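In the two complexes that follow, subunit A is the common piece, with subunit B as its partner first and subunit C second.
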Partner chain A sequence: MADNYRYIGKVVPRSDGRDIVTGGTLFLNDLPFRNLLYGKVLRSPHPHAVIKSIDTKKAEQLKGVRAIITYENVPDWKFGNPPIVHLLDRKVRYVGAAVAIVAAETESICQQALRLIEVEYEVLPAVFDEYEAMQPGAPQLYDQLTGNLLPLMAVNLGPTSATEIVTGDVEAGFAEADAVAEGSFGYDNIPNPIPMEPPGAVVHWEEPNRVTVWVSHQKVWLNKRILTIIFGEEVKVRVIVGPCGGSFGSKTMSWQVQCYAAALSKATGQPVKLCYSKEEQLACFVLRPATRINGKVGMKKDGTVTAVAGSWILGTGYYSMTMQTQLAVGCGEAMIAIRSKNWNLKPAIVCTNRNSSGIVRGFGGQELKCALIPLLSLAMEKLNLDPFEVLKKNFIKPGDGYYWRDAQWYNYRGIDYSPAMDQGAKVFGWKDKWKGWLKPTAVKGTKSIGVGVGIHGNADVGEDVGEAYVRIDNDGRIVIIQGLAEHGTGQRNNTLKVAAEVLQVPIENVSITPGDSLITPVEWGPAGSRGTYGILGAVIAAAEDAKKKLFELAAPMLGANNPEELDTADSVIWLKSNPQKSVTWKEVLHLRSVLGHGRFDADYTLANCMMSFVEVQVDTETGKLDVLRVVNTTDAGQIIDPQGLEGQLNGCLGSAGIDSAVFEETILDPSSGRILNANLIDYKWRTTAELPEIENVVMETPMGTHRFKAIGVGEISTSPGPSAVLMAASNAIGQWLHEYPVTPERVLKALGKTTGENRGGAR
Partner chain B sequence: MRKHQINLTVNSQVYQLEVGTGQGRVNPSDTLSFTLRETLGLTGTKLSCDGGACGGCTVLMDGEAVLSCMLLTIECDGKIITTIEGLKDAKTGELDPLQQSFIDHTAFQCGYCTPGMIMSAKALLNENPAPTEAEVKKALSGNFCRCISHYQVVRAVMDATGKGR
Partner chain C sequence: MRTFDHIDVYSIAEACTTLREYQGRARLNAGGSDLLTVLKGDFLADYPEAVINLKTISGMDYIREDGEYLRIGTLTRLTDLVSSPLLKEKYPVLSEAAYTVATPQIRNVATLGGNLCQDTRCWYYRYPRSIGGPVQCLRKGSGPCLAIKGDNRYHAIMGGKKCFAVCPSDMAVALAALDGKVIIVGPEGERRVEVTDFYHPTGNELAKDEVVREIEIPIKRTPTQQSFRKFTLRKPIDFAIVSSATVITVAQGICTDARIVLGAVAPAPVRAKAAEELLIGKPITEETDTAAAEKALVGAKPLSKNEYKIQIAKTLVKQAILGVTD
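Our next item is the complex of A and B:
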């Protein structure tokens, strides 16, 4: 297939590559501005407190300070679901909550001013554990919430959203099961995606109501929509998004950093830049949701899952922006991976006094899966079933369906991914390495090797809406008008590829506008692997529309009755029946251009799939776990960008993916509520010195998407790995490990070599 | 005697910077990364942790890799600094083989770690023009990359060394 294409599936250098390797790329903090002021945030040292008094007089007198804003003079801006989070509040709800914001001529004056602000707090009891937070008498974070429980409806998803999975008859399901397993399983180590570039924004508020926002973000239109909701419809918001130094979902939640800068700009009349430090990013920005299920599953001897029941607790920290949507998507993704007829899974979203959880690659489904697969594994062990076979059997097949995030039933019209899974198993050598539950693959001295497998799939590959225009100018050059930020996937380059392919022109002739909401139409932005189907789908449709309009102009010039009689390549149009008869684009477009429009409408009837196999080595003397090898297997329909795809799949390790099972965790001190490892030395991350071997198996079975038959898989590569590591580590040491990450102390405790009670140092 | 001027050679250009406060001067508390980015406008050097952990701000000082966020500019008097902007041929615009290799291998995703990665790799190749893969991995182990482009980076560096042999 790929050989018929000029650009699709071919290695094409990223058009932004030269800037990236020469330091010419202008990230947010590199942009030049005139009359720029800087902003900084004073943060709470207490996890739960009321501000009794706040005195900013000394700070105001410092030379170079231009504005100080507290809860007493902040604009009445609030957000969240429900919108109960004020930009600045008299009550603080986590260590790091914003107390005051300062604008000054330099960052260092800002820092000095923060030290001069005097705040008196009335400290309140705090709660950090989700189960404790739900108990009667627990500290309450908000007057509007009872029992620290948030409403489950995802209001942004429309009139309905999935708030649970209840279908069939679970009691009947358990009755027909050959084995039933139950227990409590969590994925609650709240790792941080930590994009390398910290969150930041520059905002210029021109009175009365014109606001321009430059921001490190992965979305353009949606961000404008969010800010308009916060500021009010009368405010004209323009959002400009340039290169984004990583996001992994998290920067979609940048409303606060933008609103701090906006409030300070509104107060001073000058543009204000506010960039988080790395410590603020780790302590006050987006964590993965903490999840735990208390569940029960029934399974037959042939691996059929007969019932899934239980509670699913989602810990969101001090507020939720999207946890309801993550819940809804997570439920749908559970149904895609587990073809059970009987479900009774009841979620709850709980607030506690810690930094908030939110959007991270895997978006609810990874969190649920990482807890569900260990539960399923107990049932498989009882029946002595091979987890590869059980996961393969239970993943969605043509003819099945699921309730998706809007609580509507969708009939799946995608492919059977079993051949991709079989191929992955073959490449990994699963049949040889799998020795049975809690049995190591090999033991050499103190080194014990084990294998595991995990799976994930997402029907958000066709989520939400987007539009694009494709303009063919009279010089034959092509401009794609689409609100798209480059956050690492190479998607902006891929828009050039598909437009060049549709119009059969050299890719050098195609460019794309900056992501600027003043110029670009509605486009949801990258999320849920929707780029390949949704974002490129809109560009393809716009390019086809532009081509049709071009042919309509050319047809009379070539004596054709109908544009379908024409074809084009390299800016020449000819009559298919008589290729000698031709006309150039230049002749057709004399003193004019054509503009094609394309739209993508949501389609939830397809799902992607990723299965990850891992081989780990555990040192039974020291407890250290090393990932030796990872094989990811998927079917992408048609590869668009081989090197970009490889990068996305290798991304399985980082951004709170596989390594959230190995060493990544955010450590919250339960006595103070402080995050103890909010820096890049104490928070552990993978380096080039410890790279496991990775192989990516990518099959290409044409999918029912757009003309290139491709489906996106990038987002989900982090999701199958963590539970696979837990499984592999358990098999390596012959003992169940059920907590993330698999630290040396947990391994040694499971082996009975320590009590595991020394954690936390001196007591 | 107190010195009131700092001499820096950055990308072959000589700068004489006065010590003091205000625009265009070097405050004694200014880090080298701050001076490069804010005073000289060389924003190709990236800041991420600003605490010596991530390698994003790596530049060459007298040919060796240093973390520019951990050095005070006043300590760098008389030093020769090369930043990412100084790697390509200033006259022809031709890229350093390492830079070209990063493009050829798409050895980046978001691109934020790339300047630091390339400068760390350049320092290695200055010292050891034909490193083994293990040596490349060791030399780059102080460079944070969250997209996980490490595999393509190692390949790009190895490929660039091959061309240099």
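Our next item is the complex of A and C:
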């Protein structure tokens, strides 16, 4: 593609890279503070109970304890959608719910204090299954909800939000179908994205209403907005976000962690640090939503999907912050991946007595897709259709449209991704490896190999708003003023690249401010692959604006009538018509600087696309599944950062991605509701010691975004893979597997190698 | 972690006396790779007042043949079991088993004695204090075994009496296949216990003031086929879902002696004696192998979610006897 760029598409070392790999980077837990206190949380042993009494006297007497807060003396802070979740409540709704918070001079004193708090509970019946929770007579989590059902409106999306997909006539669609398939399909193993650094915050509340928050987070402005809503508009919140040790979406939901520290700081007048342990991160922080559809699809012989109908149950755990938005986005993403004229998909969001689900990359669409594609597969099998061809055919094409998350119809103005899919299929060798439904690609002794394919696309590449300033200083250096955290994707470095490209300066001359809401303007932050179009779009616009202002100053000096007659590179401006006539930035910016402003406004008319092919090996004697090879294929318009993109695409396995079909799952004790595997031994995450072969095919077809024609794809790399693994495993063993993850137990059961008899355990 | 006294000892005898002084309120520490997770999780009712550091005892890390026996000191690191030329040559089942434990970093600190004495991995037993408090169970002295009605995918399929936690030690399985004995030192002197008898349904054979000093293995006079197999979801890090160790002597095509041991299926390593008997006196063929594997699992009684372990165990035994490689 356009290879005349200086930085775009070129490998440039990350400006923060050396410090990260040598241990020099200061993450939240490394920051020094004066008079710092530590905070810890006492957590509920019961999934559902009312606190009858809570006695903190003994703990208060412990030397070094500075504050203890319970539901009796907690500020009246609440959040969620609807805002019915109190920071501390008399009622606890999951094992691990916060009961009391303690601030003390050391963490060890905090721990001692927690052991001295005496709590009496009235234990209530609990419900863990979404379908049971909806039944009459089921335990009710909130007085404000009926049947544990949450309202479906995503209030943060504006006056309207998508709460279902109902369009066309599904009965007519089923009537014209050559095959109809139906059934119940779930993606409900609630994996945890487990970023390396657990959530945490340091908060300093200076009375009466000045609050400074240092937090491990992927958003600056939005986090300040959330905290302001919780604390009240009269409170001046300053959010400072430094390097963030991974998030995958999850840390957007860390309001509780921050509010615990804030409440303790308000009570003590000192800064308080509260960082979750790995156990707390796994048992009391964000899980992927649980999904189950009871659905029916119609398909024609040529692979046209004629109708999709059914119910979509989203399990959110004990509360929702963004599940309604995930539902809305998921619905839109389903329409992008399945070009059916007739839909009747009715969602419901259900609360149960477990830790809450929330934001994880894939954001609603991965969850729905992982249940829908196995359903579509049944119809494909009936018609003996190749899933690659069917998925390719049904992915959105120019001229199509969709209802997006705001329930508005958008005409798609993006590209046809078929060439990228064809290229991916070629690299993977799909034609040779695909042998038909429930047929292995190869069998070698007890090892059976199968292939599968999945797809995902997202129109949130242009979601929400953001602004940036670009300042050109009189020393010729550039400062980007933008509220951007670095949560691992390299996006801060990419802002340097685009600014350096627009202004044609060495990238070393460009800096970006820390993510500090006192300094930086409105910026939604990374979400839904919006970084490339939205975040960089604002920086590009700001850099162009700064350049324009610089040229306005330079034009009279060069005898130009119009700034457009000028060009610049390496801090020299010249007349395009007479390059000999030039002036340096230093001369133009004598004792002054210029400030450009750029804004990005939401655009939902484009979608990205990722198709993943997987090859798995299943041992038919032990039931063990191994992923041998993954090929991801996409079109990024124009690659901005080759290494960052590769990292994002190679991230398809973990963070509750492909491995949520292999071994990642959160295991709830069926009777007590405790999460049994809240540690890194029993929670099966993939180590770097056993990576499969991964190849990424990235095409570059210019997209209608900003001047660099690029579109973001990072967020969605986890999404197409899980259903592809299920498909591949089913093909490998010749039996349908419909539950995530594909455990040895499930494989051996499908192969008829276990009897289902339970003979042990007699006392 | 809470605070505790940390006491360096310089002999096994001193370790015993210190244990006795603390009357059950002290814990021994060798590599610490298990004990520290126990202390951090804080899931036991009694937090130790003292941790007795054994690493200051010199001369306890050895691997040597001595007349009738192969002797391995209790403080021998797993990494040394992996790399020992003697073990690789004559007792490969030991080095293979050691290699499957955890990761190189952990094997660099973990010891043989510690591996044998590590606490169970049962996720009810180990449920951490910080997330609502520890769980009471039969192994902790009150209430039933929660795995029976709970999620028991990794629990015992045989030999469980009232507690269904399995023995997590890989080394115990390999040692049992070599007829290893654990030499235990206490205030009254030394005693020897078969590895398979070292484990009790809810703990191990050690009294409150006893220490494991050495492992003693009869020297093999004739060449044997040895194999260790371990089934896990992930190659590094994981504890066994099922493991098996086999030591087989074959003379002129006929099996003359056999040790077949299953791991992670019961509270202790399980000698599959019926399978051994079936093999002895017969040639090793696909047929005798399959029959032996079936025999090894006779009497297994799965819980609600772990019947699959039977199938995996049979497969491991079959592969081990035939010497099938992945």
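The working rule: the second predicted complex is superposed on the first by the 752 of 763 C-alpha atoms of A that agree within 3 Å, B and C clash if a C-alpha of one lies under 4 Å from a C-alpha of the other, contacts with A are read in each partner's own complex, and residues count from 1 in each chain.
Here, contacts are C-beta pairs under 8 Å (C-beta built on N, C-alpha and C of every residue); 3 or more make two chains touch, one makes a residue touch a chain.
Values in this document were obtained by computation on a predicted structure and should not be read as measured data.
Chemist: With subunit A superposed, do subunit B and subunit C clash or fit?
Modeler: After superposition on subunit A, which the two structures share, subunit B sits beside subunit C with no clash.
Chemist: For A:Leu368, using the defined touch cut-off, is the partner it touches subunit B, subunit C, both, or neither? Pick first, second, both or neither.
Modeler: Touch partners of A:Leu368: none, neither subunit B nor subunit C.
Chemist: For A:Asn650, select first, second, both or neither according to whether it touches subunit B, subunit C, the two together, or no partner.
Modeler: first
Chemist: For A:Ser277 in the superposed arrangement: first (subunit B), second (subunit C), both or neither?
Modeler: both
Chemist: Answer with first, second, both or neither: which of subunit B and subunit C does A:Thr755 touch in the superposed model?
Modeler: Second partner only.
Chemist: So in the superposed three-chain picture, is A:Val102 touching just subunit B, just subunit C, both, or none of them (first/second/both/neither)?
Modeler: Neither subunit B nor subunit C is touched by A:Val102.
Chemist: Taking the superposition on A as described, I'd like to know which of subunit B and subunit C A:Pro243 touches: first, second, both or neither.
Modeler: Touch status of A:Pro243: first partner only.
Chemist: Does the superposition put A:Val85 against subunit B (first), subunit C (second), both, or neither?
Modeler: neither
Chemist: With the two complexes superposed on chain A, say which partner A:Ala538 touches: subunit B (first), subunit C (second), both, or neither.
Modeler: neither
Chemist: Who does A:Thr25 touch here: subunit B (first), subunit C (second), both, or neither?
Modeler: The answer is first: A:Thr25 touches subunit B but not subunit C.
Chemist: In the superposed model, how near does subunit B get to subunit C, counting Cα atoms only, in Å?
Modeler: 5
Chemist: Shared contact residues on subunit A, subunit B side and subunit C side combined as an intersection?
Modeler: 108, 277, 679, 681, 686-687, 689
Chemist: State the interface residues of subunit C toward subunit A in the complex, per the touch definition above.
Modeler: 2-3, 103, 121, 123-124, 126-128, 130-133, 135, 144, 146, 148-153, 156-157, 160, 162, 164, 231, 233-239, 241, 301-308, 310-312, 315-316
Chemist: Quick check: in the complex, which residue numbers of subunit B touch subunit A?
Modeler: Subunit B residues touching subunit A: 29, 37, 41-51, 53-54, 56, 83-85, 87-88, 95, 99-100, 102-106, 108-115, 118, 136-138, 140-154.
Chemist: Where on subunit A does subunit C make contact in their complex?
Modeler: Touching subunit C: residues 43-46, 95-96, 108, 111-112, 277, 279-280, 283-284, 446, 621-624, 663, 667, 669-672, 674-679, 681-682, 684, 686-687, 689-690, 743-745, 748-749, 753-761, 763 of subunit A.
Chemist: Looking at the complex, which residues from subunit A come into contact with subunit B?
Modeler: Counting only subunit A, the residues touching subunit B are 11, 13-14, 16-18, 20-27, 29-30, 32, 108, 193-198, 243-248, 277-278, 486-490, 643-644, 646-648, 650-655, 679-681, 685-689, 691, 694.
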